[in-house]
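You will see chain A twice below: alongside chain B first, and alongside chain C after that.
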Partner chain A sequence: MAKITLNHITKVEGHANLSVEIKNNKLVRCELGSIEGTRFFEGIVVGRRYDEIKEITSRICGICSVSHSMTSLKATEKAFDVKVTKQTEILRELMSIGERIRSHATHLYFLVLPDYLGFESAIPMAKQYQKEVFRALDLVKIGNEIVLKTGGRQMHPISCVVGGFTSVPSKEDCDYLLSELKKSRKKAFDTLELFCKLKYPKVELDMEQISLKPETSQPMLKGAIVSNKGLNVSENKYSDFIDEKIESYSTAKFAVKNGKSYLLGALSRVGNNFECFAVDIKKVISKYKFIFPSKNIFNQNVAQAAELVYWLDEAISILENNEFELQKLVFVSVKAGTGRAATEAPRGILFHEYSFDDSGNVTHCNIMTPTCQNLRGMEEYVHAFIELLLKKKVKKKEIILEIEKLIRAYDPCFSCSTHFLQVDWLQK
Partner chain B sequence: MTKPKVAIHSITGCAGCQLTIYFVKDLLLKLLEKIDLVAAPMLKEKNNAGPYDVCFMEGLVASKDDLEHLKKIREQSKILVALGTCATHGNVPGIKNSYSDSTVVESRVYKNLNLKEQIMPLKPAPIDAHVKVDYYISGCPPEEKEILKFITDLLLGKKPVIYDEPVCVECSLKENDCLLERGEECLGPMIRGGCDALCPSVNHGCTGCHGPLSDANILQGIKLLEQNGVDIKLIKKRFHKYSYDKFSELEEQAKKIKRKD
Partner chain C sequence: MKTKKVLCFGNPFIPIDSLAIEIGKELKLKGFEFVICVSPQEIIQHTNFSFILDVCENIKKVSLIGIKDLKANTLFTLHDFDLNFFLQLMKSIGRIDEVKIIAIPINYDKQKAKEEIAKILQRKNL
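On to the complex of A and B.
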């Protein structure tokens, strides 16, 4: 019996732990959990007034703070029957696009690409692949600039509040963003080509793939909850079929649907909404013989790259067709009630639910992040992949590298629920 | 000159402070010319142990695992910088400390809190509650210009000085309308600036994410907000949001001084 502990699987967001036990070349145990310290967000917002809840829950995650903000505002407004203006909806979508662009660009280029090009990180990679690294930094920058100009800050946006915006981007801001976005379009396309050209392993599981589905576009802030297995319900109904389980090895809870794991994120979104892509995106995807829907988790990288192009185009279209003016915030008349909201964060559906008392203070809060919902499925994919690799008699060291690639393809965000993934490897 | 060995480590938090560094092309590239980034687990696969000349520590202490990691890093770092409001002030997770019984908060999230010892919750605390900190760069997230200035000072061999003026100074320089004068809620007078009055500049009151000034006049701050019709209980909650422990301490001091007067 040998116990092997591998510390610090890196280049993921947050802190996590993977524990693996192998007996007679067979995998007998595989546990993946978050070891991020507990922060009790759902507990600390209780008793606090509606107008600071978005500000607090935004702090759950730096990389997806816009998503947390948008979902929080949407749930709060639903509880009070606040109807925001069309302009507010558009600006919120634009801000979310900014986050989607920077999140995907960061993930693809800095966390994923070094594995495939044989570098420990993007820093040494930059010497040989300067063009690619600069492209990544440019894409991250345009994403950041969008969030900054619409939200007042690159992270934890400020100006979006319950009922609208305290400030809106100026004409100059919009012109600047538009011209930068147009320059970035080729970079996004080059990204899609690059990630289509990489050689990915094939690990397929027949997992239910869930995403939002608006009628005519890829999903962001609205749409019914649908799946490749016939699910089609409104966001208000999520708690009817999703349960959260606690395991002693993880501070993040595990969400399951009717006892089973499911998959959220770009792979599910693209699979469920493929027809909404523009012809030129579909062309690149088919040129490299990728087919969506796909059960191979590694194709998530391609799905993210396709989304990058799609959302960049959407941002251009928003800016070409809108001018923004400062509007009065919609009056909030507080009352006791509950609001539930679902949006597509970069990593999948994010749920926020709040109940308020009649003075507008939170009495109950439930937040389900995409990573919590993906954790059980990620465990199952890791399990399947290790078995596949053991069958092929792959050496332990390589197995670990391959598992890391798989986990990165999942794009977990363990703050939301890993700066380190510690692997305990127990071989009997 | 050999490049200083710099590390970016983290404990419990949102990774936003690190991202502030990684997100900014100009800043990142400038930095990498001048420093040797020997450890940054979110970005790199190869992460060296210390000794580090400078280590930026992001996050707050919320578990035994955090505490052990923090202590190990402190031992390996000549200069330890608390980066961001989690590390400097405990940030919003510190709201939990406003409850005399922490299980009240915990039970709202986990019905039975039965986790392995390493990840069981500890009292949320800024890192200086457990180790010596050499410099503090607060902010949620911290300002890139403050991080850049700090590193520039170190590289030039100057002792870094962290800005310690209220938000109002930069706000006045930008000729923003004063939100307090307009009868709104703004914590600017008590809060450390360095952010170019970010929030008031987008027509939103300062909510205190940099934490209080070292000598914040709490009683005057409360008075200003009361004059604007904000309920005293709400004022305290707003103050405590990002820095429960520090504000409580300042409040106690202020009360003592008042009694002496």
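On to the complex of A and C.
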């Protein structure tokens, strides 16, 4: 029996752990777990006033701080029956678009692309692919600027509060964003073309793909929870079908639906809402013969690139059709109750749920991040992929590289705070 | 005299990572503008900066270092992107030249750091 342990294969601190055991060229164990320290956010907010919650939960993740802020505000407002104005809804969507653009551009260009162009990272890639890196930085920059102008900061936005906004982007801000977004449109389309041209491995799993579905647009902050297997429920009912399980090898919980894994993220969103894409996006996708819904997780890269174009266009449309003025915050009449909210964070549906007492203090909190919900499915995908590669007699070193690609296609955000990945490889 | 921009990075809520930001807010030096940055990505927004101020492990006094002195990480999730990544990337594509990084030891005395930083910034040959 030979025991092979690969520590820190990514040369970063390993907070997630993949344990693989192979016997006679057959995979007998594959465990993917997060080993990060527990962060107690759900406990930290208990006892806090309703208007402090967003500020605290935003800190769950720097990458998805807008998503956590929006979901937190939505859940809080639902608990108190606060109906925000149309302008507030639009500004919240615009801010979320900024986050989506920067997150997808960063993920696609700096995590995914080097894998397919044969570079260890984006830094050596940059010398040879300057045009692509410039494009990526410009897209990230416009995403950052949208969040900054709408939220007051690039991360952990401060202008959005329960009941509305404490400041809104000026006419000059909007004109600037609009002009930059129009310049970025071709860059987004070039991104879609680029990611359609890459050759992806084929590994298909028939997993339930869950996303929000707002009917007339791609999902962001609202919509029923739907799946490719017939699920169609309100966000209030999320806890009726999702269970959280604990495994001894992971401090992060595993979410399952009726005992089975499911998939969240761009692949599910695009699959469940494909008809809402504009014709020009569909044309590019069809030109490269991609079909959505897709069961291949690697096609999530194409789905993200398509979303990049879609949301950039939506931001242009918002800015062309709206002028913003500072409005009075909607009055909050505090009462005991519970609010549940679901939004689409870049990596999939994010749930926040709070119960309040009659003074508006939190008595209970439940937060389910997309990566926690995707963890079980990710483990199954890795399992299936390793089996496929073992059948093809692929060498261990290459298998690990391919697993890395798969994990990157999933675009995990390990409990929104950690690094990835340590692989323990046990071969008998 | 043209004002030189000093980008100050850190996390204001984490004591061991907040010193550069605190100093950036407090230090007043003629000819220098201190810009507070709380996310590594903010560097994309700036091209015409002269210095970076940040805290650094494994040094004993305020030191002037270059990009080449930084150790690169391999990236796996969006949380792995650090200032070093964006500096290396922007240098690779020629968006910035060699950057002078003023590194402050973790948990260093703030007053002492301010004096040493001022001394470095006011060197004539920089």
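Rule of thumb we're sticking to: the second predicted complex is superposed on the first by the 419 of 428 C-alpha atoms of A that agree within 3 Å, B and C clash if a C-alpha of one lies under 4 Å from a C-alpha of the other, contacts with A are read in each partner's own complex, and residues count from 1 in each chain.
Throughout what follows, a residue touches a chain if its C-beta (ideal position, glycine included) is under 8 Å from a C-beta of that chain, and two chains touch if they have at least 3 such contacts.
Just so it is clear, the model here is predicted, and its values are computed rather than measured.
*Asks:* Clash or fit: what happens to chain B and chain C when chain A is overlaid?
*Replies:* By the criteria stated at the top, chain C and chain B clash after superposition.
*Asks:* Does the superposition put A:Arg408 against chain B (first), chain C (second), both, or neither?
*Replies:* second
*Asks:* With the two complexes superposed on chain A, say which partner A:Val46 touches: chain B (first), chain C (second), both, or neither.
*Replies:* First partner only.
*Asks:* Of the two partners chain B and chain C, which one touches more residues belonging to chain A?
*Replies:* B
*Asks:* Report for A:Gly152: first if it touches chain B alone, second if chain C alone, otherwise both or neither.
*Replies:* In the superposed model, A:Gly152 contacts chain B only, not chain C.
*Asks:* Scan A:Arg102 for contacts with chain B and chain C and give back first, second, both or neither.
*Replies:* Both partners.
*Asks:* First (chain B), second (chain C), both or neither: which does A:Phe110 touch?
*Replies:* both
*Asks:* Could you tell me if A:Gly62 is touching chain B, chain C, both of them or neither one (first, second, both, neither)?
*Replies:* Once the two structures are laid over each other on A, A:Gly62 reaches both partners.
*Asks:* So, does A:Val140 touch the first partner chain B, the second partner chain C, both, or neither?
*Replies:* both
*Asks:* When the two structures are overlaid on chain A, which partner does A:Ala122 contact: first (chain B), second (chain C), both, or neither?
*Replies:* both
*Asks:* Once the shared chain is lined up, is A:Tyr310 touching chain B (first), chain C (second), both, or neither of them?
*Replies:* neither
*Asks:* Between chain B and chain C, which residues of chain A are contacted by each of them?
*Replies:* 10-12, 59, 62-63, 102, 106, 110, 120-123, 137, 140-141, 144, 153-155, 419-420
*Asks:* Touching residues of chain B toward chain A in the complex: what are they?
*Replies:* 9-20, 22-25, 28-29, 32, 37, 40-47, 59-63, 65-66, 91-93, 95-96, 104-112, 114-116, 118-119, 121-122, 124, 140-141, 198-199, 201-204, 207, 209, 234, 237-238, 241
*Asks:* With touch defined as at the start, can you tell me which chain C residues reach chain A in the complex?
*Replies:* 13, 38-39, 41-42, 44-45, 72-81, 85, 88-90, 92-95
*Asks:* Report the residues of chain A in contact with chain C in the complex, numbered from low to high.
*Replies:* 10-12, 59, 62-63, 102-103, 106-107, 110-111, 120-124, 126-127, 130, 133-134, 137, 140-141, 144-145, 153-155, 404, 407-408, 411-414, 416-421
*Asks:* With touch defined as at the start, can you tell me which chain A residues reach chain B in the complex?
*Replies:* So the residues of chain A in touch with chain B come to 8, 10-15, 35-44, 46, 48-49, 52, 55-56, 59-63, 65, 102, 106, 110, 114, 120-123, 137-138, 140-141, 144, 152-156, 158-159, 161, 166-167, 246, 248-251, 364-365, 415, 419-420.
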